[in-house]
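What follows is a single structure, written as structure tokens, with notes after it.
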Amino acid sequence: MADTFLDSTELVLNMGPQHPSTHGVLRVILKLDGERVLGTECVIGYLHRGVEKIAENRTWQMFAPYVDRMDYVAAVSNGLGYCLAVEKLLGVEAPPRAQAVRVILTELNRIASHLLWLGTHALDIGAITPLFYCMREREYVLNIYEKYCGARLTTHAFRIGGLQYETYEGFEKECLEFCDLFEKKIDEYEELLTGNRIWQQRLTGVGILTAEDCKEYGVTGPMLRAAGVKWDIRKAQPYSGYEKYDFEIPVRENGDTYDRYIVRMQEMRQSVRIVRQAVADIPAGPILAKVGKVIKPPVGEAYVSIEAPKGELGYYVVSDGSTQPYRVRIRPPSFVNLQALDKMCRGALVADVVAIIGTTDIVLGEVDR
Amino acid sequence: MPEGYLPIFIFLICAILFPLVLLAIFRYLRPSLPIPVKLEAYECGIRAASNARGRYTVRFYIVAILFVVFDVETIFLFPWAVRFRQLAWFGVAEVAVFLSILIVGYIWAYKKGALEWV
Amino acid sequence: MNFYLLTLIKMALTALVLLTCCAYAVWVERKVLAHIQLRPGPYRVGPHGLLQPLADLIKLLTKEGIVPSYANPFFYLLAPFLAVALALTAIVVIPFTPEFELFGVRTAIGLTDLNIGILFLLALSSLGVYGIAIGGWASNNKYSLMGSLRSSAQMVSYELPLAMAIVSPLLLVNTLNLREIVELQNGFHFGLLPKWNVFASPVPQALGFVIFLIAAFAETNRVPFDLPEAESELVAGFHTEYSSMMFASFFMAEYANIITICCVATVLFLGGWHPLWPAEYGSDLVPVVLLAAAGLMLLFHAAQAARRRKWDRFTFPVFGVLLLGLAPVFLIPVLKPVLIPFFWFVAKAGFLVFVFIWIRGTLPRYRYDQLMRFAWTFLFPLSLANLLVTGLVVALAG
């Protein structure tokens, strides 16, 4: 129909911080015309803890557990990025055995993170059941973590220079068991959702980000790959021995929420593939490189980025030669991806905002740091 | 059968009274500590950005108008359904004419975009 | 005099049973959803959480009832009671059993027998939207407002296919009286397939039944059409601000609506109290067998030491014996003509309620525009076509 007969007033609505589907304490101010979103504004900082500043008052090792508190659903990836950055500064490399175990644990973490995303995203769309199925499988991963390092969520699994702990008896067997089980479970999730007409209707064509948009906003990770850009740091700039493993980068073309969903589902399958390869071939040998008890990196700076479950996670570390970092700057993928929210939401409906926030896969701990 | 309606009215009165009575009785068991912040409208823990009583988008009124048109139509179908056997083909023809007028209206509304939501 | 006394007794009983059913529908919903989702559901209050509804009621009654400062108090308080009163009243016209003789009066389970029962139900369900619309507006909360606007639009839109789906079986039975509708669905095709309206000749109303069910989901604001209270978008939708007894009223209204609409579907399409297959093949024994089997299963589990939990040690044998004792009641000749039809009615309506819950555990939610488009550009033309085809075929068949 042509333009409205009467001007309706613009409705300004706070969505969050206390809202069931803003995934934490994100506050989005929506400008609405009826159900149509005219514009959005993100208000962040409700979970700001000054992680980067804390780093300047801790020794290099002491800061490692803090990074787990950023993206707490993918704590292992955070730890890996930080360890790699400091190792680069030190000029050491983790021993092959440590690298293999790191790959296994980070890929399991990618699965755990994507599972949590899938469950909550489905919940946002109104399918309440997949959450519980996802949590069930995530539990296996967390159990492996618990057996490995004693913690389930904020694991602090890695140390600068390698690993603190040797793998436990039956580690490989449990990982493989999980892989076997999980491949069937992904099919199960896809049966519930992928072909579901309502699910497809809700997601296709919603929150489109083209490849150009992604590049302009610096969007990375599954969102970028859903837009058709084959960019995965594991392939582009391999770290921790990823070049040894045979896996594919799932890519889709449209860059809408449905494609992001598909990309993440396929990524989980690829992660299973990597875990299988890595478990089959864990080299023997030491687990910790010679870094000494007191870490004093030479004066200099280093930037390392890894492919975290949510996108490119970068650590820029500066050393003044002392036992404490001079500056740690973190590039959190959620924070950068969240910038594109307004672009995606304009012209969408209120219900779409929820779907878009869902597939952006933000963790506020990481956005606010 | 006026007595057929009597139970309805008694039941209606009971149904209204039931929650009211419960409300009245339990008033003495319930705390009542109104403070200004508690009585604010809920908007995700933030003070409301604007009043909720603004003018709202006109779409919803179109729904209401469409509903009035088509719901009245369905009500006319009920007597036809009841007297269907007596009216036989005459009734079918009448309703066909009646519905075709409404279907034309429906197609017009569709073409006009009145069924494009939001 | 006897008639009025009986009516009053029946009314009290119906009210009691309906309220209990509403409360336990919540328990059933939570249990079924929980088992779909691999969790035990309510378990703490009473054996297997059986006393949970009572606990919920006490909690809700003793909560502080908040009237937001900018709300319109009169309408704010009116809305939930309007909703619950209308929802509860709708049950009065549902006939649960055929008529029988009791103390010299011909009566039946079911309160009244209106000659325009269907119209009465439609009128009540049209009024049902007021509770939600008024409540959402009076709260002066944007989430509530959006929820109530959505629900008004949704409920009025789905009322059309609902009414159309109701008219098409009426073409077969030609009456608005619910009791007569059920009685006309008596008998079996080929002595086996019941002559319910879903299987009616010459035009089986299976399509009409599906349309009716879909529209019923929307009318009762259930998944996948639960937009008015879409918790992931609108927090709690139209009842965001409501607490205490007012919230409980909305809650009760929702479940009463579900129960009523399932009963209506049973009456209109599933042959009311008529059994699934003829009594010659032993359909009368179904309740006996079911109850006895349930009782024996409980006793069996009670006998197994390993399965015993704290409560189960006591409740399994008690409930087992209770169910076993209940089973032969269905064999008593005097009670048989009442209890067997009543069982079939409850079984069918109960199954439909289960379907409502099952769908909730399975499907995602529609978006507002998709929901409206579905109603106006798919369901409405479809129901119209169904009506016309039914009319033509019935007229052709004479």
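In this document, chain identifiers A, B and C correspond to the written order of the chains, with residue numbering beginning at 1 in each.
Note that in this section a residue touches a chain if its C-beta (ideal position, glycine included) is under 8 Å from a C-beta of that chain, and two chains touch if they have at least 3 such contacts.
This structure is a prediction, so every number in the text was calculated from the model and none was measured.
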Closest chain to global C-alpha mean, per-chain Cα centroids: C
Interface with more contacting C-beta pairs, comparing A-C to B-C: B-C
Inter-chain centre distance, subunit A versus subunit C - centres from mean C-alpha coordinates, in Å: 44
Distance between the centres, which are taken as Cα means, of subunit C and subunit B, whole angstrom: 19
Sequence positions of subunit A contacting 2 or more other chains: 11, 13, 19, 35, 349
Subunit B, residues touching no fewer than two other chains: 43-44, 48, 52, 56, 60, 118
Subunit C, residues touching no fewer than two other chains: 142-143, 235, 368-369
Subunit B to subunit A touching residues, read off their complex: 43-46, 48-50, 52, 54-60, 112-114, 116, 118
Subunit B residues touching subunit C - in the complex, by the definition given at the top: 1, 3-8, 10-12, 14-16, 18-20, 22-23, 26, 29-34, 36, 38-44, 48, 51-53, 56, 60, 63-64, 66-67, 70-71, 74-75, 77-78, 81-85, 88-89, 92, 95-96, 99, 103, 106, 110, 115, 117-118
Residue ranges of subunit A touching subunit B (in the complex, touch as defined): 1, 4-19, 27, 29, 33-36, 349
Footprint of subunit A on subunit C - complex, ascending: 33, 36-39, 142-143, 146, 150, 223-224, 226-227, 230-235, 360-370
In the complex, subunit C residues that touch subunit B: 3, 7-8, 10-11, 14-15, 19, 61-71, 80-81, 84-85, 88-89, 92-93, 111-115, 118-120, 126, 139-145, 149, 152-153, 156-157, 159-160, 163-164, 167, 170-171, 174-176, 235, 240-241, 244-245, 248-249, 368-369, 372-373, 376-377, 380-381, 384, 387-388, 391-392, 394-395
